[in-house]
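After this come two complexes, each holding chain A, first together with chain B and then together with chain C.
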Partner chain A sequence: MKLPLSTLAGLMSAPALAIIAMGLAPLAVVVVWSFWAWDPSTYWIKPELSFAGYAGILEAGRWTVILSTFAKAFLTAAICLLIGFPTAYAVHFLASRRLAVVLLALMTIPFLTSYLIRSFSWRLVLGRTGVINTLLQDAGLTSAPIDWLLFSDFAVIVGLVASYLPFATFPLILAMQRLDPVAIAAARDLGAGFWTVQRTLILPLTISGVFAGFLFVFVMTLGSSTEVQMLGGAGASIVSVMINDVMRVANYPLAFAISTVVLAVVFGLVLLGNRAFGLSRLFEDRS
Partner chain B sequence: MMSRDEPFPRFLVWTITLIGFAAIYAPPLYLLAVSFSPALQPGLPSPGEITLKWYAALAGERALLAALWQSVIIAIGTAVAATVLSLLAALAYREMQARRGAWFLIVILPMFVPGVIQGLALSTLLTRAGIKASALTVMAGHLLWAMPFAFIVILTSFAVVRNSYLMAASDLGASRWRQFRDITLPLISPGLISAFIFSFLLSLNEFTRAFYLAGRQNTLPVVLFGKMNSGASPTIYAMSGAIFLVSVLCVGVIAIRALSERR
Partner chain C sequence: MTVGNRNIPISSNMQRRDLLKFMGAGAAAITVGGLPRVAFAQDKTVAFWATATLDIGEKWQEFASQAGVTPEFTDNGNDVGPVVARLAAGNANDLFDVGGLQGGAEKELARQGLIIPWDIAKIPNYEGVWQWAKDIPYLKHEGKQFGIPTVVNADSIIYRPDKLGKVDSYGVIFDPKLKGRVAMEDAWINSAVFAAMYLKESENQPIKEPGNLSESELGLVMEFLIKHKKDGQFRTFWNGWEQGVQLVANEEVDAMTGWEPIVYEGRKRGLQVEYAAPVEGYEGWGNNTVLLKGAGDRGTADAAHEFVNGLLAGFYGCELGKARGYLVPTDSNVAYAQAHPSEYAPEEVQKLGDHVKAKFGGKVYWQNCRPDNFQLYEEWWQKLRNA
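Take a look at the complex of A and B:
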């Protein structure tokens, strides 16, 4: 029952064309343009090999923004795993069937809601007159509002975790669904407690899910901008916001150079992750 | 699967789970509650003073409504294109043997491309090509953002299409096209509807790409972003709250229906 090759090519052509025309080609062009020289006479670049954009990354402390982006991504991914692992465990092992369905639905919804609105709503919680400061003052724990809750790195990390938590939880749930319940039951019967089962059985057997979850959150955070724009302090930045700032003065070579560096890291990580544990297997139907 | 864990670990696991869900849902729900308060300062309304006046005031916000209309048009266009293209991509995936992993990766990859870079790349290229920014250019940017999700949803819905059904039809003389139209399509139609709604919502709520690609008429998230940063007003809470609620209800209904059928 093999489909003739021409039909397969026919099916693939339209989606492939869209992906190339709107995704891969523009990105490839940006990578090429990042090596072109700025032409002041046209306010555009000209086809002349130049590393000025890349040199610009090393100026004005821009590389520190790149480093702090990695730090933010690492921290966010780690926190998401710390919350996501127990969540996946609760959904798969502790919840009744009906509750598990509701929890899975609640984990799906955030993918499709507005990251902008969700980040913005944290302002009402963390602000000087926000929920947390009001509660703290009503309880008499502080006399004046705490300032570092909002427009700070703390707020950005909180917003990032809330935004990308489902990206960590889903691969973990999928990994736990592949666990053999008999092995866990056997361990229990032989007297292994909760922590022993976690350490010797569940964690080692779901480690691919742990890596996938970490990678997803890390990569999504690398490309995030709204959380910093909504919740970050005056000087706060992250690579995507830095690209925005650079584009405001139409510094194309620099914007393209930063984009190229980020793209190289993102694609590198995703391809590496794919090689290690095959992303398509995560979604393969197991019926 | 229920387990026999000791009480303390169970308590710990549930507490952390609750913290996670609270982090995702508590702030937007609080924003939604605030939008029903008559006060100008954000705060919870007392039960007696719940009001819809900020929602009524939305009717006078011409800029917001024009942006909403623009966003809806773009979202419908994006959803149609993303659903059709993802269906083709999924059909191709089903027919592939060796290279399907690579094909999956190619379709999924745009999800990981940072929105700012995708928006900047596409908008620079379009400007250079002399194409003016419009609803169409935003759709072009949103298409690849929506496709990975639509593709995964359609691919999962293919699980109910057994190969034996198609083989039986083929034995009875049905052509490939007939098999697709009479067997595959009806079986995966719930998946197609979900993919359409998911793509619609993804486009409606997308901000960073639209920021670069929108023409003279901005989309709703772009207008909201501007207003959020220039002194938020209760009407912004109302619009944000309403959009959030609609998104949650749409996905919630689909997700619960799909998940409970699968078990």
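Take a look at the complex of A and C:
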């Protein structure tokens, strides 16, 4: 059904305004302010063109934090996809309707607790007196606690994957629901094995869901701090922790510059991903 | 102009302030999902913008009936950076009359004219404040009183005597034999001071004031921390109360610099934990109340003085001590408890006061949330993180 243009405009104006006011406008302000100068007399910024914020990124190893944040986000998103893809496959293709609901609920329930509690609970699992070290010692596999299980990059990745796994799994389930079962049955009738069906049919047809899942986890990891602060080693950092540090000393241009760099990378990734993997296909009408 | 049908005249300044408050309330509701406190029925109100730990919640009502002035409390988030920025470039001076800040920012705020001096003559209870608290270095600027010490304490080392025996030096934190078994706080505001105190007192390094390091002193201190971090000395840098408690309770560390209440919590959980009295001294900290310029502009400065006088009158000290174990540095607390033994146990109030006093009997270096080189501290802290 085609709506008249005036009706469509009326319906779209409120959400469009909300997106501009709550999404785009603050981002635009952050980008503009990143080029302003810090004013020590007011502890605020003044409208004078300055690249000091961007220069600051190159000092004190801040750029390495940005790079390592992207690396952590990439690794977390990749691991989430590796776990999320078979999970989504099991939920959609293998489980009965009732079991699928149970599995989805199991994935969702942890999100009813605070992210702080979820991260904190990993300290109790991975710590020196935690569940894993206790089990390993009781089984005689180790004689002393393994220290690197907690307060390490390993622990951070575990915490991030556990936090964001559903954000990779749900888009994959959505993408798999769009697959035509007839096409899969036809491939099998023609002799394609399990892996051939996965490689030549399911993966290519769900690639938009794969990218959506990757993007969700990637972006959320970029904005996370709790997992790093609670599970990382001494002074472990990530972009949001670094921005907090900088804000504490009121260096706003630097904080805005760091945010702008991250925003630019994320926008670039979305545009490239959409071109390469057809992200928008995920929202197209199936009929 | 009149309000409703009550025919109460209000000034245009009040209209603006109320409008800003209303807008602030909306912003607070959006950002934190809550609403600011509603004023109690009193004629005089003071907008108190302070660290959340200074809030006594529903007990403000009783405070108001005793002090004759009603505080409207708003949490300032505790981070001094955003607080100073909001005072300098935001609307904080339009909204609030009195601020409660970690000590150190007074000089900067006074220099910018964002806070105005207190008139001690209008705060009779200031007389009862302990002398060493009056001597906190950040309270005065150019001879004028800009800060009133409201809460004070001193921090050192939490340790396990069953593992380490008696600890009396910050050297334990940097002892290679305890590699991976110690921690410090993830904040230069404390950790740089502790390291500087150790280097100054036990290593005879040329450091004048651990709370306000010069560029070269800061380099010395931070290189020292970086070296130890690279050597794997620290298990982690901790953040916040629960994380601090968990490190001790789950035996992740044998010693760490931190807050004394963590010791009490560890003991509650059945652990043998002690708080050290280091030879290098304690790190003192204070949360001081400041009179915001806006209060002077609006003519609420007198009410602000009455409010601060109330903070030092005893009830607030008893309540804060009971609720959080924090100390208002005055004998009024004990006097109030003695006059109201059914509400507050005088011996407990006395004990808390004596305990904190004893800490300040020895060497103390003050925490400073705004050292002269504060931006350099952040830069070095990033280097430490990335080392």
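We adopt the following convention: the second predicted complex is superposed on the first by the 232 of 287 C-alpha atoms of A that agree within 3 Å, B and C clash if a C-alpha of one lies under 4 Å from a C-alpha of the other, contacts with A are read in each partner's own complex, and residues count from 1 in each chain.
Heads up, the rule we're going with is that a contact is a pair of C-beta atoms (placed from the backbone, for glycine too) under 8 Å apart; a residue touches a chain by one contact, two chains touch by 3 or more.
Keep in mind it's a predicted model, so treat the numbers as computed, not measured.
Residue by residue along chain A, chain B and chain C are tallied for touches, and B comes out ahead. Looking at the shared chain after the overlay, A:Met230 reaches both chain B and chain C. Using the contact criterion defined above for the overlaid structures, shared-chain residue A:Ala162 touches chain B, although it does not reach chain C. Shared-chain residue A:Gly61: touches chain C; no touch with chain B. In the superposition on chain A, A:Val249 contacts chain C only, with no contact to chain B.
In the superposition on chain A, A:Phe51 makes contact with neither chain B nor chain C. When the two complexes are overlaid on their common chain A, residue A:Trp148 makes contact with neither chain B nor chain C. Looking at the shared chain after the overlay, A:Leu124 reaches both chain B and chain C. Overlap of the chain B and chain C interfaces on chain A: residues 120, 123-124, 129, 229-230, 241, 247, 252. Touching chain A in their complex are the following residues of chain C: 79-82, 84-85, 87-89, 112, 180, 183-184, 186, 229, 234-237, 239, 242-243, 246, 250-252, 374-375, 377-387.
Of all the residues in chain B, the ones that touch chain A in their complex are 1-6, 9-10, 12-14, 16-17, 19-21, 23-28, 30-31, 34, 41-42, 81, 84-86, 88-89, 91-92, 95-96, 100-101, 103-110, 112-118, 120-122, 124-125, 140-141, 143-144, 147, 149, 152, 155-156, 158-159, 163, 166-167, 170, 176, 198, 201-202, 205, 207-208, 221, 224-225, 228-229, 232, 240, 243-244, 247-248, 250-252, 255-256, 259-260, 263. Within the complex formed with chain C, the residues of chain A that make contact are 41-44, 59-62, 64-65, 120, 123-124, 127-130, 147, 150-151, 229-230, 232-237, 241-242, 245-252. Considering their complex, residues 1-3, 7-8, 11-12, 14-16, 18-19, 22-23, 25-27, 29-30, 33, 82-84, 86-87, 89-94, 96-98, 101-106, 108-118, 120-125, 129, 131, 158, 161-162, 165-166, 169, 181, 184, 188, 193-195, 219-220, 222-226, 229-230, 239-241, 243-244, 247, 252, 255, 259, 262-263, 266-267, 270-271, 274, 278-280, 283, 285, 287 of chain A touch chain B.
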